[in-house]
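Down below is the structure, laid out as structure tokens.
Each chain carries a letter (A, B, C and D) given by its place in the written order, and its residues are counted from 1.
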Amino acid sequence: MPRPLNVALIGTGFMGRAHSNAWMSVNKFFDLPLDAVMHTVCGSDLEDTRAFAERWGWGRATATVSELAADDEIDLIDVTTPNDLHRAHAVAALAGGKHVACEKPLAGTLDDARAMRDAARTARARGTRAYVWFNYRRCPAVAYAHGLVAEGRLGRLYHVRGQYLQDWGGPATPLSWRFDAARAGSGAHGDLNAHVVDLACFVTGDEITEVTGAVETRFIRERPSPGGGTGPSTVDDCVGFLARFRSGAVGSFEASRLATGHANSNRLEINGELGSLSFDVERMNELEWFDNTVDAGRRGWTTIMCTTAGVHPYVEAYWPPGHALGYEHQFISQAADMIREISGGSAVVALADFDDAYRTQRVLDAALISARQRQAVSLDDPEQ
Amino acid sequence: MPRPLNVALIGTGFMGRAHSNAWMSVNKFFDLPLDAVMHTVCGSDLEDTRAFAERWGWGRATATVSELAADDEIDLIDVTTPNDLHRAHAVAALAGGKHVACEKPLAGTLDDARAMRDAARTARARGTRAYVWFNYRRCPAVAYAHGLVAEGRLGRLYHVRGQYLQDWGGPATPLSWRFDAARAGSGAHGDLNAHVVDLACFVTGDEITEVTGAVETRFIRERPSPGGGTGPSTVDDCVGFLARFRSGAVGSFEASRLATGHANSNRLEINGELGSLSFDVERMNELEWFDNTVDAGRRGWTTIMCTTAGVHPYVEAYWPPGHALGYEHQFISQAADMIREISGGSAVVALADFDDAYRTQRVLDAALISARQRQAVSLDDPEQ
Amino acid sequence: MPRPLNVALIGTGFMGRAHSNAWMSVNKFFDLPLDAVMHTVCGSDLEDTRAFAERWGWGRATATVSELAADDEIDLIDVTTPNDLHRAHAVAALAGGKHVACEKPLAGTLDDARAMRDAARTARARGTRAYVWFNYRRCPAVAYAHGLVAEGRLGRLYHVRGQYLQDWGGPATPLSWRFDAARAGSGAHGDLNAHVVDLACFVTGDEITEVTGAVETRFIRERPSPGGGTGPSTVDDCVGFLARFRSGAVGSFEASRLATGHANSNRLEINGELGSLSFDVERMNELEWFDNTVDAGRRGWTTIMCTTAGVHPYVEAYWPPGHALGYEHQFISQAADMIREISGGSAVVALADFDDAYRTQRVLDAALISARQRQAVSLDDPEQ
Amino acid sequence: MPRPLNVALIGTGFMGRAHSNAWMSVNKFFDLPLDAVMHTVCGSDLEDTRAFAERWGWGRATATVSELAADDEIDLIDVTTPNDLHRAHAVAALAGGKHVACEKPLAGTLDDARAMRDAARTARARGTRAYVWFNYRRCPAVAYAHGLVAEGRLGRLYHVRGQYLQDWGGPATPLSWRFDAARAGSGAHGDLNAHVVDLACFVTGDEITEVTGAVETRFIRERPSPGGGTGPSTVDDCVGFLARFRSGAVGSFEASRLATGHANSNRLEINGELGSLSFDVERMNELEWFDNTVDAGRRGWTTIMCTTAGVHPYVEAYWPPGHALGYEHQFISQAADMIREISGGSAVVALADFDDAYRTQRVLDAALISARQRQAVSLDDPEQ
């Protein structure tokens, strides 16, 4: 009989639901040494939070976030608040000896991110873990792609292309914290490029050493206010940048909320000497693979349905071959891997910790500097 | 605060897991007048069943199926046993006044299916409901396609093509109840053509009146026995048939377990005078739509990502646009619709009852007769 | 310096243009022992035919078809007339010692087809050749697929699916000889199923031994007359049938002119124990290939761009890798192969002769009998 | 009866063949006021050139390029030589009063390009035309896309993404003039980015005003020499850059010869407020179109098969709907449009003249400067 892992969740929005579902489901699908217990949920409005707790099966509801780090029963604090609050919540949790699972991007500013990384390093020395929900790593197609690169099946890497394209940010979309630079730090950049930079570095096992050029654009400067009238939209709508990797590969990255026709295209393509990979989260069960070592006549892009138990990571926990997984399974699988590591075991593929997320944040920051200074920015100095 | 709906589940295999997940999740995602309670699970091995109950949160475990129909607390019995047991379990449940949710195909034989249909008719007069888990109806793309046809957007229907192609049934696949005609009734035919016939009739709102020709084939006649050696494989590996619909449309149907390259391709294409539709469950979040009324220059097959809240059925209960649903959501959505109907409300799209499933079984039976007699078989007599 | 091969063409319609282009281009792209000379073109209207001759570079124009077989200078007669005229033109040409290249289907009736086959057998003994323009055999993707099957890369064949779907035959399409049973013999069936049956037999190297069921439908019974008013449309709009091959594989075939959304989808899919193939002429430069012998994780449908010189047949004669061929290249390549055989060499892949085309015609005939008699029709008797 | 347009061709390589085919075919498919006559072909080796002339039907062969500009019979000189010779050949031809059709890129250096542009301006005043073979403009899908943007169907443009990815430039590919900076000017950049920049500006009707960042890479520095041993490869293997358009749209461009898996992917995607377009020359008969004004439920990427006569430009000259065009038709259609303009009529869509090609060359030059200086480069000064 597994021991409990008491979890507290901060935030009851879209991510609060996705994480609740993950904690509810993780021990149903996976055999694990710890049993996730949905101990407490914390939200800004107590009544709403109580309703959320009842619906999702959280044992307790509170609106007092400071209780959590002080509560001896709680083992892990899951942070899904707006980016500007990540630092306060995560640092307090770590100081209280709680493991932390924080939504991405790590923070709204590089200063916050650095402080969080440092807190996590300190905590880690005491056995406390700090993770970031870079959920796409645990999409079976992505985790499998990571393995193909690690095995050397792509050979020398030439090109890495990451795009995260959405189209919900048109001029009619009303203001929210996501369009407020003070709350969100940035727009599409922190929200979406955070994912693709993490994804690209995870799959390649490589590191970005230079942003060679970047463009940041605010197409929409005024938006409808929920309360009537309009107000300023102060974040980027899209950011693109070019990069070099330590291995010599060249990269291009782009995030947009104005890419009409792309509801949620998180795409990565990698071209290597021996093979190429391509992935789009809109077809998340598929990986495109080009094996350059096959005879010329039969060479081509191969659509791998990544649902084979025992071969494609995580899928044996769920359904038979050809039965699609959805968005939420990435969160369930990450919950499983965090539980494995916390209990002394190994994740199926590497979890993103605060060091990883800080490196991603440095790249994002360099891209904004490059866009403003209109020149290349090196990241190849000793990491701060 | 919703009243409880006490559910009992028979069977702890693949479908037992999928249904458990549905009952666990349904009230998290949907606002419903009844709260599904996972009351009892019943399996053939008591110890295994207890472990299953603990894992999935069923309140009680039993190996005595007859208890269920007699248990006053239980409101609904969910049947996921092999096809030859459906009749006994479902008829007993209905006789005990329990609602029934039965896996497809309705039964292993047409006689069993007719008896079940008759029992359901009797029970219905007393307010008891009997449903079949034709889960693909509640895939958002399918439910939306149904609406497009119902609105007349395809005009007169010409062609209906249904295929359910799998490839796990090669010569190395060992024997199981699924390859035993006595247990399963048929092979690919009952397992897979049941789905495509239901899907085709549901989406078109039409009825098959003739099987004009059919072919049934057993490619693999001997398989490895799990216990060593080999034994006879007595079911079809594939069945194809041609059909006419009441509307005059012509149909072709095919089920195979030897369609190399198709893990789970459940496909439907419909061509009408004003438009065409195409669907493949391997890309279950997408519907292909051809609008023949658009200007010639801009006409083409349109890939609709069926994830728009408020427009594509069911999706508003889950995640934002572009975030893929998986296989299991169809079951969660069917659980929601059954709860709605049982509590006096309406399903989002029509649930398959035992009358529907019996009609499907008649078509499957006619196909086998056609294959054996090498001639067309009419279904256009007054239904038996 | 190659000797001339003097060619006469009968017909100046769509096929007359495609063949003219082939004869004009063949010696530009291919190194061949004979030089095709565009000697004479014959059409029903002399003035139109003269204009056609001038445009395309035919040396002479005539409206008197009987001249051709009698003209000592002419080596080969190319027949592109309506189906009911094929017999008269081809038999006269062969009797006159001319090689024949006849458009498909071989004839409008099985009797005509048999007479043509017999005439070709007689002529062949004297060294005269008779070919049918089953052009799709020489699409590089198809010719390559043929080679993959011949090498045994698909292993035992289970399924063969052929479809030729078009959508130009809606109720607004006016009458022409193609809708007149007396001229055309049949509708979609002879026009389109002729192609897919030839394609399926060519690629598999197999033979159809039974039509196990068929459906023929005339959805549109009245059409606008070009001269005003309406008139009867007396041919099928679609014909589907199921079949068995000598190898035991099962087949399904379908031709339609009412498949909304399909301008010209000539599709073939073959599933074998070791691999599968799929082709659609709408993407004629691509072959879909599933290699079932690859490791499970990397197995999938591979899109082969069939433009690699020296590997994919014919392409080295044209453009570099990745540069698409079009519809007409199949005709140019067939002209090249006919010239090779006529001059004593070998075609790159087998040309369809009148024996092949007669066998295809027998299958088409059996499908119509099956549809009318509502029962299976065997083709496994000694061929008539 | 049309008057002749006497054409002389310089160069007998890959482009020499493609252009010969165009001049041979243009009056077969198109009704035009001038009849292209294949008057003279000029190559460096006289014997080879004579064989080429005989094969393709050129009236005369020469190895003396200076004859052409002096030959009173010749009306148009078609230049397909290496980039460093374009200037000499084109300027001499224009000075001799000949129309010029020059392969792209306009030249190997910006100085050459400027001199050619100036010569063309002077010649134009005397009624002499100078065109560049930016063949992709006349792909029906591209020409149609241009029309959709011009009609305003995309609304305000946000994103323009151009990529030309090939994969033939791996380390085993031997040296040729294309890898020699002195002959070619650049590598993938001039060869491929020239196409995508022209394509992007043509389809959008917009102009690039800034290169905001660029990366140029030489992955392969040594290659096998055809004569044995190895030698230096002195051109870029890939160049990527970010750009701004006058309209405010942001652009990204990339050319590579090391994009494993891409034989010839010339891709353009444009996202606008009202719609999006996407094109890949590997599927050159298709245009992807997303209409953002369609009802939310039926909105999606639409694959338009651009083969509808009377709607999609150029196709009515060739084959029926659904019958694929190939690479060479773009050249035939450009030959038709040049003949139309030269004879006083209008091209179906705008031909690229030397002004257009010079503007493209300026962008390419700015990208290389940006890559070397590691900073943004403005093009928004009064054009030189």
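Following the convention adopted for this analysis, a contact is a pair of C-beta atoms (placed from the backbone, for glycine too) under 8 Å apart; a residue touches a chain by one contact, two chains touch by 3 or more.
None of these values were measured; they are calculated from a predicted model.
A.B. asks: Moving only between chains that touch, what is the shortest number of steps from chain A to chain C?
C.D. replies: Minimal hop count between chain A and chain C: 1.
A.B. asks: State the chain with the largest centre-to-centre distance from chain B, centres being mean CA positions.
C.D. replies: Most distant chain from chain B: D.
A.B. asks: Decide which interface, B-D or A-D, involves more C-beta pairs in contact, and give its chain pair.
C.D. replies: A-D
A.B. asks: Report, in whole Å, the distance between the mean C-alpha point of chain A and the mean C-alpha point of chain D.
C.D. replies: 42
A.B. asks: Distance-wise, how many Å sit between the C-alpha centres of chain A and chain B, to the nearest whole number?
C.D. replies: That gives a centre separation of 36 Å.
A.B. asks: Centroid from C-alpha atoms only, then distance chain B to chain D, rounded to Å. What do you get?
C.D. replies: About 54 Å separates the centre of chain B from that of chain D.
A.B. asks: Where does chain C touch two or more other chains at once, residue-wise?
C.D. replies: Where chain C meets two or more other chains at a single residue, that happens at 262, 301, 305.
A.B. asks: In the complex, go through chain D and note every residue touching chain A.
C.D. replies: Answer in residue numbers: 156, 158-159, 167, 170-171, 212-215, 217, 219, 237-238, 240-242, 244, 248, 250, 252, 254, 256, 258-262, 271-276, 278, 290, 292, 301, 370-371, 374-376.
A.B. asks: If we count contacts the way the header does, which residues on chain D are in touch with chain B in the complex?
C.D. replies: Of all residues in chain D, those touching chain B are 144, 148, 289, 291, 295-305, 308, 310-312.
A.B. asks: Could you please specify the touching residues of chain D with respect to chain C in the complex?
C.D. replies: 14, 18, 20-21, 24-25, 27-28, 55-57, 166, 168, 262-265, 281-285, 305, 307, 318-329
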